Amino acid sequence: MDMDAICDRRAGAGPPASARTQARELEPAALLERFRAVRSASLQLVSELSAEDQCVQSMPAASPTKWHLAHTSWFFEAMVLQAFVPHYRCFDARYAHLFNSYYESLGPRHARELRGLLTRPPHGEVLRYRRHVDEAVESLSSAGAPAAQAASLLELGLNHEQQHQELMLTDIKHAFYLNPLKPAYRRSEPAAAHSPAPLRWHDHPGGVQQVGHAGAGFAFDNEGPRHAVLLRPFRLSSRAVSCGEYLDFILDGGYQRGELWLSDGWTAVRNQGWNAPLYWEPNGNGRFNVYTLSGLQPLNPGEAVCHLSFYEACAYATWAQARLPTEFEWEAAAATWSGTLHRADPIGLHPEAADVATGRPEPMCGTVWQWTRSSYDPYPGFRPDAGPASEYNGKFMVGQLVLRGGSFATPPGHIRITYRNYFPPDARWQFSGLRLARDA
Amino acid sequence: MDMDAICDRRAGAGPPASARTQARELEPAALLERFRAVRSASLQLVSELSAEDQCVQSMPAASPTKWHLAHTSWFFEAMVLQAFVPHYRCFDARYAHLFNSYYESLGPRHARELRGLLTRPPHGEVLRYRRHVDEAVESLSSAGAPAAQAASLLELGLNHEQQHQELMLTDIKHAFYLNPLKPAYRRSEPAAAHSPAPLRWHDHPGGVQQVGHAGAGFAFDNEGPRHAVLLRPFRLSSRAVSCGEYLDFILDGGYQRGELWLSDGWTAVRNQGWNAPLYWEPNGNGRFNVYTLSGLQPLNPGEAVCHLSFYEACAYATWAQARLPTEFEWEAAAATWSGTLHRADPIGLHPEAADVATGRPEPMCGTVWQWTRSSYDPYPGFRPDAGPASEYNGKFMVGQLVLRGGSFATPPGHIRITYRNYFPPDARWQFSGLRLARDA
Amino acid sequence: MDMDAICDRRAGAGPPASARTQARELEPAALLERFRAVRSASLQLVSELSAEDQCVQSMPAASPTKWHLAHTSWFFEAMVLQAFVPHYRCFDARYAHLFNSYYESLGPRHARELRGLLTRPPHGEVLRYRRHVDEAVESLSSAGAPAAQAASLLELGLNHEQQHQELMLTDIKHAFYLNPLKPAYRRSEPAAAHSPAPLRWHDHPGGVQQVGHAGAGFAFDNEGPRHAVLLRPFRLSSRAVSCGEYLDFILDGGYQRGELWLSDGWTAVRNQGWNAPLYWEPNGNGRFNVYTLSGLQPLNPGEAVCHLSFYEACAYATWAQARLPTEFEWEAAAATWSGTLHRADPIGLHPEAADVATGRPEPMCGTVWQWTRSSYDPYPGFRPDAGPASEYNGKFMVGQLVLRGGSFATPPGHIRITYRNYFPPDARWQFSGLRLARDA
Amino acid sequence: MDMDAICDRRAGAGPPASARTQARELEPAALLERFRAVRSASLQLVSELSAEDQCVQSMPAASPTKWHLAHTSWFFEAMVLQAFVPHYRCFDARYAHLFNSYYESLGPRHARELRGLLTRPPHGEVLRYRRHVDEAVESLSSAGAPAAQAASLLELGLNHEQQHQELMLTDIKHAFYLNPLKPAYRRSEPAAAHSPAPLRWHDHPGGVQQVGHAGAGFAFDNEGPRHAVLLRPFRLSSRAVSCGEYLDFILDGGYQRGELWLSDGWTAVRNQGWNAPLYWEPNGNGRFNVYTLSGLQPLNPGEAVCHLSFYEACAYATWAQARLPTEFEWEAAAATWSGTLHRADPIGLHPEAADVATGRPEPMCGTVWQWTRSSYDPYPGFRPDAGPASEYNGKFMVGQLVLRGGSFATPPGHIRITYRNYFPPDARWQFSGLRLARDA
């Protein structure tokens, strides 16, 4: 999902939101507790980054850490506080210009590619901004149960901030990688090299399947409406493709064989000089080191391959005489195989944390985002929500591909099997890998 | 469909092609007659263009007329003659380099964006090349019924050449438009200005529907396999959107209202300075003239609007409180409403030729290509054919949108309701308009 | 000199032009004879090019042959006929838009990079345009001696057309080179391979020297005013650098050694992938073939090296422990060594025609244009002429370097030792080489 | 002068440097005192900038403050300490890669346009790096009089650092300007609005004049050799052009009249949308505010106009029926009018600090850099110095124009009348204005 697409979801103003809102329990104390936990987690993630680190922007599609911290606060301010707190005093009226990501309806804004120039407001001022917003939300909540709509928007804001937590990691990783000093985001010991578990194929009978979200819990608007699709029988692999397997593809000339690639992918290979996933670096002995959040480490063949573009995922699948699953095949399989939905591990530092070596069935979620063979189109009956949050998802529904499953860096509790992430086909800086499918 | 994507389809080598081939009657005499007719039609289309006109390339996505004439001949040479004629003598071995469009498996080739530099071979030589190929095909055919596979590839080549016939018109129109003299491709009287027929809505019940091609006639590989889809009830408008209706959108500020647009579309509007369809020119009195194959003419409000990007089609639909149909809705409706499939008129000069004024139900096909809300993804079970023709369609299945229905410039007999044309969302030089849909 | 900069010089309106005009004999019959000869020579140059060949534009800096033919005619029309022929009837009023090169004062014009799209007016029509202009000039001349100012502008137009004659060759050569068929402009036998004459150094004492044009003959405005400069003693080589010598530079790693290059030159080497002069092609045996107006031919070590950028000329000179002469050193030397000013040969087909093998002092002019170490700045006291011709030279006096001496393709009689040609430092498609200098 | 061109001058290795070195007195104690003063001044300049501020890079031509601080230290390390201190221990061997600006002979280096990504080494570490270098230089100096060559290189390093002091101001100003908050570098009261002193013309007789540096004091290699030039009589205006005068040019349509501009300049005006100097902002009342180092302030008509490109300076001069002086005219005049060489004021905050209102002759130096009509070509006999410092100036001698005179931000004592600054003709972020000249 485009950097900003991952930011702001829907606000719940208007009937569709209300409908979804009222369908679920909104317990004020629990919501406030969750607010504190999410807001605190953001600061925890950046605790070892300096003010300089937090200011840098490595490319237009990435944002500075400080900008993420401010933007997620602005989101609460613009969507909740200004709408529901009488006489709310904005922390700084100019911040709407600086920290609005892409909401046309909320006015003009600072150019995305210039976010890295915002040395002012200084880092400390952004922390003060966060506290200002936190206090206002606390007051709003302690003043009695907030209106259902406000509660719904608060919940949206929390999910929004969780999306940015993962982006803070992908973006700082990219910035650090471009620094010749190759600094580490956090120190940790690399996992011991291991082989992946054997890859097995699981059959699914296809047929009419219900997909999309419905029911009580939170979901983004692009996950609905829930509807039936008709699937052919298919097979899905038991785990994500591993680094070792992907290395075989490279050694077999994968990046030199045009027939394996989509036409746009082959153009990207040649124009960008791709010959391995992003962050793989030749180690001089014909193999690779991999730059991770813990710095440069030897390639671990048993880990899930990560930082692939859609093009690379497709080419690998073709080479492996397989294909990518559609998003509906993926979701139908995940619904069937529940109970192994998510890894229990806390947030890891790089995909190495994804253990594909154990032999037990790998969960569908929580290792790497998995590219699907589905363009990011609207579901039948989809309508963007009313209000500013209408711009959260709907307007990005062209030119992107759906990813499913969340990664090791997706905050716990944030992923769902109906969750639709989306990015352009050449994006590689996300924690994106693949899982194979075949016709039955 | 990308310029070249429209060129070369599958060759029929290998089982899938054979299967499709054997399913239909291949009557040698009829095939040869059709060959003569199609080849002759190409020359007829360019009969009023000079050698200079036929050499020019206005942009990388467009090709010179002469290149089209040579490339379609090369296609027969590479796919049929070299494979099925013993000791076939190539007209010029270097032409494979010059006139291969995008077949990686057939070797390196001249850069697409430099096709306009090919003043040599001269025009007359390309005509000689065509005759050389024609004679070889005649010999092959008269030597007895060609093998089923050869016949199948001949038929593919004919459909391929018909695709290029339409492209010759879109491309020369674009080149002439960029000439300040605004020359006309062919002289004709403009239709009298008129109002469109009233727009009506036709209901479709949805449900499980079969889509895609199967059976005896020719189809491209991307039209299959035929398979079932599940549709919600929907409504489809009785005709394409007219120029007059689109003018209302413009006058209502359509190009200034970001909320109507997809995000990428809004970016295109601002970066490209779009404020009307391609070829619309302000006439100084607040209205527009339209550049057509017959030159600059007054806008005719009753004609189908044409030369829209997908982005513009979407924005218009949003403004009209409607949406684009999916390609499956379109096809299901067309299957139901058969009998009015195609206009009877001969090839016209511009969309004005599409009469939307009569009040009778407009045919689904033959006016303007209609953008759908479907990304160009593979059908379930789709596999590109074996052999060089495998590159015809499959490798372009990302980043494009499906158009349905053919235009006034699509050769008679070439269109089908299962036919999937495809182009990137910002393409405007094709004869592309839209038809509206709504949820029931 | 920028493509267009070479086109249009000054018109003679106003005192400076008049002054220069009256200083020289203007004999009507001789002028008319010269007009016929120059106009005819242009057509002679293109006699073997097809209409297609004459329409093509290979890059923004080059123009189609047909455009050159029309533009030089428009120059007479705009500068002479419209100003001095009462009731002159323009051939086509729209041509001022199409064929104005860069004269802001003469109105808006067709974008330079789109000149190759002008398939209309057709080739035959441009020839009719030329005859229309020819007849009008004949009438003007036969109606009695034209006014001095008209005669002066006619002479300017002739020199202008001669500049374009050389450009027609450089531009068609470039276009043909980009065609994989590598067609030849004209067939001729390559000269036998030979060694160059020994390179000798000629001393010049420096001191106060007069440079720039004065006196009776024609000159462009940028050649004046004549003025004194102060030179240090210097040495100049007896001939241009040869292909064989330049090959030594290449084999010595010239294109891999950053220390030999100006900073911008080194950037160009890396960004453009330069590793030899334009038109040199590796022959597979570690040496080179050279694409010439007669097609691809073996490198002839005795010929003058050609198609160098200023950067390459500088790097070669540094490698040879020498430097480029300033334009004033060049001119002072040429003034001293007169009598060997120009080769007697008729126009050749490629630099091979420049015989540097004979041992006799090579003339300063007529082999290859020689880059100097002088930026193209105005002379002291320079003022552009009044009228539209003021835009001929003056406005290009930044960012370009001066070349001196004319090439084998410069029309006979067109060159002077005061002649200042100019091009940007990265231009390579002109017939540009170098001659070495050293401090005494 | 290109950002980096301003960094590193000559090292003094080899005879030419030695020659220049020995020509002047090198008093150890004075040199050390000067070292301390210059190094301290750099830190003083950045004392109010945060670590974030010091890390940002607003465009490829500008560098982060922190990078300037580190690069100037690396220069001492690479040119002096590693060459003259036995067993010198580099602070961090990787810094040569990070902080080498453009010295090909000193190895590969970090891409210029990515300097803003260097959040590591952190700000504090760069300060430690500076102290490490300072201490090593102190030790070197206190160990007895350093060798003449080392002293010469130390002096070069100090002049190099002074160049970067001005660049730190131009670069942070540019970065702050792109921040919508428009922060001020330093707070100060704007000068009261005033009118400029009347502009007068001073005659110079021309003739043979000595230009370039010779003698005892420090100079960069591009200032020599001193040599004679021949000048025509000319007139030079008594002061720089003021903001009020430049405003008249704007109000007279200066940015809409193509005939006033060089061709490349007119292209820049249209492509970049220029309609005023950099940092001028319409105030809504038809006039302008000007962004200064003290923030946005009302335009002061009496101040010297600043932040012009060469193109704008030329167009203004043409409009004023004058021209730019050549660099030799400028220098000859400055030599004549000595005694008023430099403003006595300490470093100011913006050109407003340049008082052009007093009526007394304005000094030639210290207000704004003045574009000359001289391309940056080598002087006769110029040879870059031996050693790494050979890349300091010589390799940039193409495509740039000479500026003379220093600005209010040039450190005191750093300017000379022989000083040649240079930048590309479209550069506007330097403190660049103009002074008019005319033929006598």
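Labels A, B, C and D are assigned to the chains in the order they are written; within every chain, residues are numbered from 1.
Rule of thumb we're sticking to: a contact is a pair of C-beta atoms (placed from the backbone, for glycine too) under 8 Å apart; a residue touches a chain by one contact, two chains touch by 3 or more.
Given the structure is predicted, the values throughout are model-derived calculations rather than measurements.
Trainee: Could you run down the chains that neighbour subunit B and subunit D together?
Mentor: Shared contacts of subunit B and subunit D: A, C.
Trainee: Looking at C-D, A-D or B-C, which one is a repeat of the A-B interface (more than half the contact pairs shared)?
Mentor: C-D
Trainee: Taking each chain's centre as the mean of its C-alpha atoms, give the chain farthest from subunit B.
Mentor: When every chain centre is compared against subunit B, the largest gap points to D.
Trainee: Quick check: how many Å separate the C-alpha centres of subunit C and subunit D?
Mentor: 38
Trainee: Indicate the whole-number Å distance between the mean C-alpha point of subunit B and the mean C-alpha point of subunit C.
Mentor: 47
Trainee: Can you list every residue of subunit D that touches 2 or more other chains, as numbers and ranges?
Mentor: none
Trainee: Report the residues of subunit D in contact with subunit C in the complex, numbered from low to high.
Mentor: The touching residues are 102, 104-105, 208, 227-232, 258-259, 261-266, 310-311, 314, 326, 373-378, 380-381, 390-391, 395-399, 401, 425, 439.
Trainee: Give every residue of subunit B touching subunit C within the complex, in rising order.
Mentor: Those residues of subunit B that touch subunit C are 50-53, 55-56, 58, 94, 97-98, 110, 114, 116-123, 175-176, 178-181, 183.
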